[in-house]
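In the two complexes below, subunit A is the common chain; its partner is subunit B in one and subunit C in the other.
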Partner chain A sequence: MAITSIKNLKEFSTNNDRFEGALTLCPGCAHSMIVRELMNCTDDNLVIASNTGCLEVSTAVYPFTSWDTSWIHIGFENAATAVTGAEAMHKARKRKGTLKDNDAPVKFVAFGGDGSTFDIGFQWLSGAVERGHDFTYICLDNENYANTGGQRSSATPIGAHTSTAQAGTHSYGKKQKKKDIVAIMAAHGAPYVAQLAPNKWKSMAKGFQKALETEGPCFINTVSPCCTEWKFDPKDTINITDLATDSLMFPIYEIIDGHELNILYRPKNVLKVEDYLAAQGRYKHLFKPENRHVIDEIQKNIDEYWEMLQRREEARV
Partner chain B sequence: MAEKFDLNEREVWDGNYAASQALRQARVDVVAAYPITPSTPIVENYGAYVANGYIDGEFVMVESEHAAMSGCVGASAAGGRVATATSSQGFALMAEVLYQASGMRLPIVLTVVNRALASPLNVRGDHADMYLGRDSGWIQIDAFNAQEAYDLTLCAFKIGENHSVRLPVMVHQDGFITSHTAQNVYPLSDEKAYEFVGEIVPVDDMLDFSRPVTYGAQTEEDWHFEHKAKQHKALMDSRPVIDEVFAEFEKFTGRKYNRVEGYDMDDAEVVIVALGTTVETARVAAQELREEGIKAGVVGIRVFRPFPFDDVRDMLENAKSVAVLDRSSPGGAMGAFFNEVSAALYTTPNRPLVTNYIYGLGGRDFSVNEAKRIFMEQKANADAGHITTDIQQFSGLRGPHLGYFQTKRS
Partner chain C sequence: MQDLKLKAADKRGIHQLGGDELVGWDEVTQGIILTSFEGDASNVAHLKAEERNYSDFNSYTATVASWRVQKPVFNIDVCIDCQNCWVWCPDTSIISRDKQMLGIDYDHCKGCEVCVEVCPTNPKSLLMFNEQEDLETALSQWPEKKKKEK
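Now for the complex of A and B:
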């Protein structure tokens, strides 16, 4: 079950710690904050699967492991299927009474980066959600293939520079808009879908708990700022996340049963997206006069999306 | 508890039905599967068992073969009995995960109904998919008919789940010729079959939280080599276990299997070495030729991996001329099976003549007459004391003869 109260961050950060420090993620990487929150917000046993990616390569390099719980990695694309295979096995063995502890509650969680979630593993995720397994999929969205040195994914926003969608004399970076993964997963009819951010750690922990306690497939996209590829100082990870949520580049919201939308965070002062973009090296080129139109387009997209979210929340349909 | 399924002492089953009955009797905990011709009926039959209460386990119909094997890996790491079925393109799509299943030492059973690989698209049987799996680290067992597809599927669980083996196992049967041809099959009762297969005892169980396990770690040049060496050793060391399981199966059924099957081999001078249903066709040809005084014999490879290098050698070392039949497009080389048999024979003092026939691709029929012709070419080789044909030739091909390489003679 979910831990009963989360009073303060210090207490929460040491609760039930099953994610050990022996890892090689970049200093300032938000992945470990998000993973730790997930693992600390429940006392239940956890079976975790990870797609290939930064998290995976940084936490299970033989003969070491950071996972003080059951953990499996198969390939780049199939963590959702691996963990739902385990979930099916749990059901079968529980029915037959062959588990070591037949009554202990178990939660099944898959982690993937945006590359494995939006792109290469999308089919496996979609299939697992359609089948209705009882599991939670968490995307650690840093908007690029960071593990392989920063290539574009379909989560990379328009205008961002990546090694395969470069800014240059003839290009302002990525030309295409980010895929709306939250809407797509909500359209599967999943009982709980959300977008959460580690700077709003209380709402993130609550969202994780909700997903774990909800029976059926749940999907959460988490914003995971990447100091290495977004090009900001590692100490600024949470500051950048603040800019992301307060400029509404990453609105925080949930969708229940595919339709009931709730906004979970409304910034008191909505920042201009310029402030968010200016804090990162990957958007530096947008501030050249010939590229300013891209900033305008990003702002327009944000405004329209926020309007849509508010109207959907109000409509309750 | 699952409903009881009453079986007759003798049933008329095709290979697909035989394999699906073996999965049911093994009380598989999770089948994660995706249908593909010609193995689809295995999955469909299993679906029918589920719908009618004959299955206690979970049946997970996934969205691709890659996901089928991925689900099997997750399920197997979670400590129960796991199986699935596939063919051809589905097998190819699974390929990535096949290596991961064996690398994680998970005893999944995969029934493969052999079929050609596109392009051109072809649904008929050849061994292209079986060959694709040959370096994947799985044990590969080959059934030549429906009875064997049933028997060997039961054996596969017992071999793979043995704690000194802990490897995934494929059981192959020929697409359509075995999978869709109704034959007499003598099944075990449900009780006897389960008594033979036994309970699975999990190792490194992801659902035992008293001892957390990490599956699928990363190793680079520091440890990868040692891991792969251990995997190879596990495959090599599985040979006596396979023999033990076959011996125990004989006690249950009277049916005896060997890693290499020899027919009329005691005094054979001309031999066909083959896989799958071709073994049976070649046996008919050999018996007919024996009536004409030709000492013909047949060797069928029952366990393709681990390859029975020494047994093949022992069985063939006194032959005079050996034809190795590859039912897979060799893609610019000698047939892979030919290469393996040749390598074994090269280490014998006698060194029989060896030739390579590429045949039956995409389900092209292989007849008794074709087998006889191949035997007679071996007879000509044996009489001449050298290979009289091309060393590699395509057999049963339309149009002009296609063959490569001749023996160098001074």
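Now for the complex of A and C:
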């Protein structure tokens, strides 16, 4: 079988990379860490579709491609639709026996940024999950439209400075809360929904393998720190992700069949959210005395959400 | 680059439609297909990079070395082969074979310093040096093991 060993990093590193270098993502971008990990956790043939976004524009700079698998890009919103179309065709040709190798296992994966998942491609994603195709959708959540200059998206958290929700004398940045996409996708009844982070490589690889193995539509939201728009030093990508998961800004958990919730990572020392916010330039203005109430609000939201997750895990409903 | 673009255009089917002549918008095959490999590519997951038959369209054949101001230098004497750098390198630039870290692919490295940051050894087995520094001089300047502060 084509699942590769992830017992420890040494075993994991014997995989042959199928995502090539010389792509034009910013130095230190977490997108390619996540994509590499997905492509290394299986030996199966992959069929991948990408929404428009940082990942798409920088891995397919004409006349080059960085993908060693089948890969397609059509529009901003329709990676989910494109890949489910390919999946339906594969199923039909398998039935008719017209494939070159009828037994070769093929996995279908779609990548989207948070803009194309939370906002623009949401209808397409929702439809594809409702139709019940066998595919995995991975959202690379960097909390803004980073490809077009850092505009706000519905994934941007409250208080963040973006180019269309600017912080200044009259505003403290974005005023609305982040959309809870994991809960929304779980409500679709998808068999596997999870939120994962690249710094916990093992839980991430396990989650990816589970999603690829599970029959039916799976959704994974991954945190992808963006050094350009979150305004931190490229070398700190993994440190920022550590702060995000340890301050519970991004709890790591999975929801199976829409109800069975498992928390996959419990930080030993839960950090204050201030540590996470202080490490990034986009939250700089929150530390002015008149904006301190926003930090308190963020901390309150996080505590409430963590409490909810723990209760749901206990209740198994 | 221009040659590559022409070569790519061949695959779009302009030749089947009208040879060297330009064809109208409604005659052009929509979209474009770039092949990552020459010949059969069904077994790629089991081939190491040096055994693969990359085509000219694969970005493996391109380079982003000019993006770098500083480069990471690898000291094999300190390395414990934990593979942290391999799993977190965003540019597939850590060359790792048979559970051993062998070096850095300077064609694809952009010098983001993530590998230095995640290296757990004391002293670090990866450090940043100026791009112009040659490897031997860099290795001779390697810092001593730091003592634990009490």
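Just so we're on the same page, the second predicted complex is superposed on the first by the 307 of 317 C-alpha atoms of A that agree within 3 Å, B and C clash if a C-alpha of one lies under 4 Å from a C-alpha of the other, contacts with A are read in each partner's own complex, and residues count from 1 in each chain.
In this text, contacts are C-beta pairs under 8 Å (C-beta built on N, C-alpha and C of every residue); 3 or more make two chains touch, one makes a residue touch a chain.
Here the structure is a predicted model, which is why all the values come from computation and not from measurement.
*Asks:* Under the stated touch criterion, which partner chain does A:Asp275 make contact with: subunit B (first), subunit C (second), both, or neither?
*Replies:* In the superposed model, A:Asp275 contacts neither subunit B nor subunit C.
*Asks:* One more residue to check, A:Asn45. First (subunit B), second (subunit C), both or neither?
*Replies:* both
*Asks:* What is the contact status of A:Arg36 with respect to subunit B (first) and subunit C (second): first, second, both, or neither?
*Replies:* Second partner only.
*Asks:* In the superposed arrangement, does A:Gly75 touch subunit B (first), subunit C (second), both or neither?
*Replies:* The answer is first: A:Gly75 touches subunit B but not subunit C.
*Asks:* Can A:Asp180 be said to touch subunit B (first), subunit C (second), both, or neither?
*Replies:* neither
*Asks:* Considering only the touch criterion stated at the top, classify A:Gln123 as touching first (subunit B), second (subunit C), both, or neither.
*Replies:* After superposition on chain A, A:Gln123 lies in contact with subunit B alone.
*Asks:* Contact-wise, after the overlay, does A:Ala104 reach subunit B, subunit C, both or neither (first, second, both, neither)?
*Replies:* A:Ala104: touches subunit B and subunit C.
*Asks:* With the two structures laid over each other on chain A, which partner does A:Thr84 touch: subunit B (first), subunit C (second), both, or neither?
*Replies:* first
*Asks:* Between subunit B (first) and subunit C (second), which, if any, makes contact with A:Ala22: first, second, both or neither?
*Replies:* So A:Ala22 only meets subunit C here.
*Asks:* Residues of subunit A that sit at the subunit B interface in one complex and at the subunit C interface in the other, please.
*Replies:* 45, 60-63, 65, 67-69, 101, 104
*Asks:* Quick check: in the complex, which residue numbers of subunit A touch subunit C?
*Replies:* Touch list, subunit A to subunit C: 9-25, 27-33, 36-37, 43-45, 59-69, 101, 104, 198, 201, 234-239.
*Asks:* What residues on subunit B touch subunit A, complex-wise?
*Replies:* Going by the criterion above, the answer is residues 29-30, 32, 56-58, 60-64, 66-67, 70-80, 82, 96-97, 100, 205-210, 212-219, 223, 227.
*Asks:* Quick one: in the complex, what on subunit C touches subunit A?
*Replies:* 1, 4-5, 7-8, 32, 34, 36-37, 41-42, 44-49, 52, 56-64, 67, 81-84, 86-93, 96, 98-99, 105, 107-114, 116-118
*Asks:* Can you check the complex and tell me which residues of subunit A touch subunit B?
*Replies:* Residue positions touching the partner: 45, 47, 49, 56-57, 60-63, 65, 67-75, 77-78, 81-86, 88-93, 95-96, 98-101, 104, 106, 123-124, 126-127, 130-131.
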